[in-house]
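Could you have a look at this structure, given as structure tokens, before my questions?
Chain nomenclature is as follows: A, B and C, assigned in order of appearance, with residue numbering initiated at 1 for each chain independently.
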Amino acid sequence: MSTERHYEREFVRTFFTSPTAVKGEEDSAKMIRSAAQLRGMQAPDVWVPDNEDATAPNMRDEGARNVAEVVAEHGAEFPGEIHPRVVWHRDSPGTRYRGFQHMLEIADPDNGAVEHIDGFVIPEVGDVDDWKKADEFITVVEHEHGLEAGSLSMSVIVESGEAELAMGDLREEMGKPSNNLERLFLLVDGEVDYTKDMRAMTPTGELPPWPELRHNTSRGASAAGLIAVDGPYDDIRDVEGYRERMVDNRAKGMTGIWSLTPGQVVEANTSPLPPESGSWLVEVDGEDVDLDEDEDGRQVYEGDDLGLEETADGYVLRVGSDEQELDAEELHEELADMASYVPSMDDIVNSMEEFEAAKEAGRGAIAMTQSATVVIDGVEVEVSRDRMWDEATYQAAQTPINLFQDVYEHRPDQHEELAEMYGADVVERAMDVGN
Amino acid sequence: MSTERHYEREFVRTFFTSPTAVKGEEDSAKMIRSAAQLRGMQAPDVWVPDNEDATAPNMRDEGARNVAEVVAEHGAEFPGEIHPRVVWHRDSPGTRYRGFQHMLEIADPDNGAVEHIDGFVIPEVGDVDDWKKADEFITVVEHEHGLEAGSLSMSVIVESGEAELAMGDLREEMGKPSNNLERLFLLVDGEVDYTKDMRAMTPTGELPPWPELRHNTSRGASAAGLIAVDGPYDDIRDVEGYRERMVDNRAKGMTGIWSLTPGQVVEANTSPLPPESGSWLVEVDGEDVDLDEDEDGRQVYEGDDLGLEETADGYVLRVGSDEQELDAEELHEELADMASYVPSMDDIVNSMEEFEAAKEAGRGAIAMTQSATVVIDGVEVEVSRDRMWDEATYQAAQTPINLFQDVYEHRPDQHEELAEMYGADVVERAMDVGN
Amino acid sequence: MSTERHYEREFVRTFFTSPTAVKGEEDSAKMIRSAAQLRGMQAPDVWVPDNEDATAPNMRDEGARNVAEVVAEHGAEFPGEIHPRVVWHRDSPGTRYRGFQHMLEIADPDNGAVEHIDGFVIPEVGDVDDWKKADEFITVVEHEHGLEAGSLSMSVIVESGEAELAMGDLREEMGKPSNNLERLFLLVDGEVDYTKDMRAMTPTGELPPWPELRHNTSRGASAAGLIAVDGPYDDIRDVEGYRERMVDNRAKGMTGIWSLTPGQVVEANTSPLPPESGSWLVEVDGEDVDLDEDEDGRQVYEGDDLGLEETADGYVLRVGSDEQELDAEELHEELADMASYVPSMDDIVNSMEEFEAAKEAGRGAIAMTQSATVVIDGVEVEVSRDRMWDEATYQAAQTPINLFQDVYEHRPDQHEELAEMYGADVVERAMDVGN
């Protein structure tokens, strides 16, 4: 019996796993209980009480009971979605059966948890026929417990070559009457086990970057109307590295990322949102360097790779060890080519409003200009960049706004922090634009 | 009714779109008329009168009429192929129907244009079943207008995840008796809308590089006997960036690129052709640096990252901050490893002729040598590089020659410019070699 | 008739091709005979007497006879597997028929070679239906010569877009009752002909890096239980480049590589094995720099990009042109972030033993610490890095150990060299651990 795809969220920034039972803890539900009480930027879009890797093998029955108990108690107040992860393995019928039993337990209406549970996360899936086995178990769970068919979503962890390949078939498979794969929600990369499955090795043991896997996950999600999420970033202290990974992911169309700690949740909730204030970059020898705004609003270059000198005839611009003599106009052009602007939320909203007004006035394309006073070696230069906006630019610019609107709509617990960040006026206009 | 694949060209360098109707222009066919009159290096291999994005939504009926009128008038003299782009969208039956009507209009023999029209470009396709809908409409157009079945080719713009996936199925689908997908011609990446469809974001709003998409397009074209074309390069002033993109594309097997202006057409027509004269590179710390030829034909290194000093015992070579003491032979070897040679058209033709003679004389492999006097910090060193040529080297070297021959055969309007560039003798030998 | 997958090896490091007949040699079997007598690190895991590219077209009948003769004579003593390559082409029935005849000849029991032959290598395959043709010929060869069905394996060279796509279908196709594709063994990239087939071009004529092809080959092998091997590295003198390629390949899950000379075989046999001694790296501006161990076991940084000075208040650390003032603790943390450790075989075995003991004692995760005294600009700093080991870390660490165990089991001729390299004690413990 086929059902509608039902997810609440269009974007998922954070996929936060927490153990469901911890050996040696007096109250083994302690960590899952503390996760259930996260709020605001510390609370994930999707919370995954993890009854697989994060929970000791011999404590998973207890883990399943803890999920039911804690979600029954705290689920109504939890601001994100709740998707417990159960055990599963494409190569082990025993593990699959245990996963089925844990789902039956967690979703038992007598436990009072299932009304707060949005779906289940199935790890270690294989090819698409293996995905169908998990789908079928969830169908049975729904039926046995009198739940609406398709009301529980299913997310998978992609951590094998065959699962990566399966993502190319979802669009076709999801329409078939003999499955309920329309319940699919998140495609999550699991790079630790994927690396093991691919038998990949790096000298230091750190994870390979797997750009092709992430592309294929993002594409699979796009083609099948799902949401792609990148795997865990192991080095919890390396905040800069986590941010760079997210920038790289977003350029692949993958907005969401796994978070292992509330600190990572904050980073991952914040990172895809447009910045509060705009900033300028210059590209020197293929690398982007941020300019620093001084008290007069001038954009100051602080590095050594760029030099500028005013001469009797014009200017000498040095890039690395290459020097060029330029007149004022050539210098402006050269710097305009090297510079780029990172727009703030306010800038994006402004540009969209301007374009919307132009469209109403019957114009299909308008030029948007960004200007700055750039300072290199104490020499000031006016730089301005024009960009033509047409319908396509407008629609591409909408992605971060759509994301913001989705966050704002589904996460009232973050309203205060968002208003603080952007100002109430910008938030209001950002919620209006593009509709 | 299945038909033969029919395209004229084996290589397509340029895919040039121009608006078909412009709001506010007295004569709204002005821009399409000026595009129709491009010649020589300014004229594209494939000209796409664009009745989709480049034309305002409410002017597309007029646009279709303009295409018919201008192509009827100028089509016979236009030196490239003509493939109008009509509207289409995988998610909108209304848009698809309008695209169908525009094709019917443009291909109506009463308009006198269709004899100069080589095919249609279909944007925003979805999975392969969506491609078949467009194919079917073209089949109907051919039938209704009494055209030979399969005489109109079909090119698609790949700007969705499902279309990217579809490229993996073409080889299988094209043989089926219930479609005429053998009419397929170009697979064109459309990165602006693809970025939107993948919901990808970059801080500055510039397009992500999408290396995997371009690989998959190139591979799809190779497997199905089609031609891959990269999408538009938005920053029209950034000629260097456009050239680098084309070098990167060619290393992926994608020779063609979208051009937005006649200036970009010139760049894109010229870039894949072998250079007029050879040149030397040295690789320093992973980056290729061009050597400058001085008046004595010596190759001079001008940068700071490489240093060379003659000492009593031999030489001191500095690469970055690493210094090595080397004797003359070690120095030659070290520099031979660092240097590489970019062959000219003349060089390639010479090598191929030499190898062909060797083959006739019964030898399967010969060594080709390139030598130069390299100057670093005023110190001269003789450098020579040997390369073994066997059948495989020979055949790989043929790709640029095949390209040249294809250009020369189909673009008589570029003969003069090509003869000026290479000299008549080199052109003649390049047309002879490899046959 | 379906058969079990039968390969001896779980890992293949080296795929060494040698000509089977050489024009102008008095004894045309000379090179194949010398290849047959390689031993130890010079002998490949898979030896491919090459009756395709490495042998002149008009000498291939003689080549096939030479394979049979030399393998009959030397096969019993050859320490690796033997997989002759025959001619094949997806577009040429004549070439395919000749390949079939050569397989019939080589596998003829009257020649005495087949008992030492492990399988055949089929180049230039197309889509999966083309693979089935080769499979069928091998089935016929087995039947005609009274060999056990499925006893001959089949490896393919992937050198076309359609073969790349086919690797996505193997898992499904291999189960079908109408083929014996379970005999598949190696998926080998052939970048020279792949480049030609994709019509790719680079300015200097060197091969493009094809990262996506290598990913897809590795993934295809992983999904179908096969082994992925990278293609030839043409620049035989460039040992450093060959090593870097192998590091890059292993990060993609591709352990094996084609070798063109016994020298490359030694490199490729050694490179994937864990190092004899551990070492430290620091990452400076995105690049890894090795530290040099001095006589006191201190790790000394020798470059210019990093500077350290002790001041009255603490330290000044310079990275490139950025200087930071840090106290002792901040400095330790900063350096711990920048440094990473490349574990030796001994280190890996130690960590695995430690984790196994912890597991037995009921602990699921333990911290492993690596410490060093790092010296920058003469200033000493203690650096230590902790890493949590859990089941997943343990299993990922096992890949190099599994490789070592596979090598040790199947290559007794390398035992002596391995014991010399690691010491007999480490070898013994490495064979014990993880079982």
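One rule holds for everything that comes next: contacts are C-beta pairs under 8 Å (C-beta built on N, C-alpha and C of every residue); 3 or more make two chains touch, one makes a residue touch a chain.
Predicted model, so just to flag it, every value in this text is computed and none were measured.
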item	value
Rigid-body rotation angle, subunit C and subunit B, from Cα fit (steps of 5°)	120
Classification of the subunit A:subunit C interface as same or different, half of numbers criterion	different
Centroid spacing, where centroids are CA-atom means, of subunit A and subunit C in whole angstrom	35
Junction residues of subunit C - those touching two or more other chains	168, 211-212
Subunit C residues touching subunit A - in the complex, by the definition given at the top	11, 168, 171-172, 211-212, 215-216, 218-223, 247, 250-253, 255, 272, 281, 321, 337, 340-343, 362, 364, 387, 390-393, 395-400, 402
Complex contact set, residues of subunit C against subunit B	23, 53, 56, 127, 160-162, 164-165, 168, 192-193, 195-206, 208-209, 211-213, 237-238, 303-304
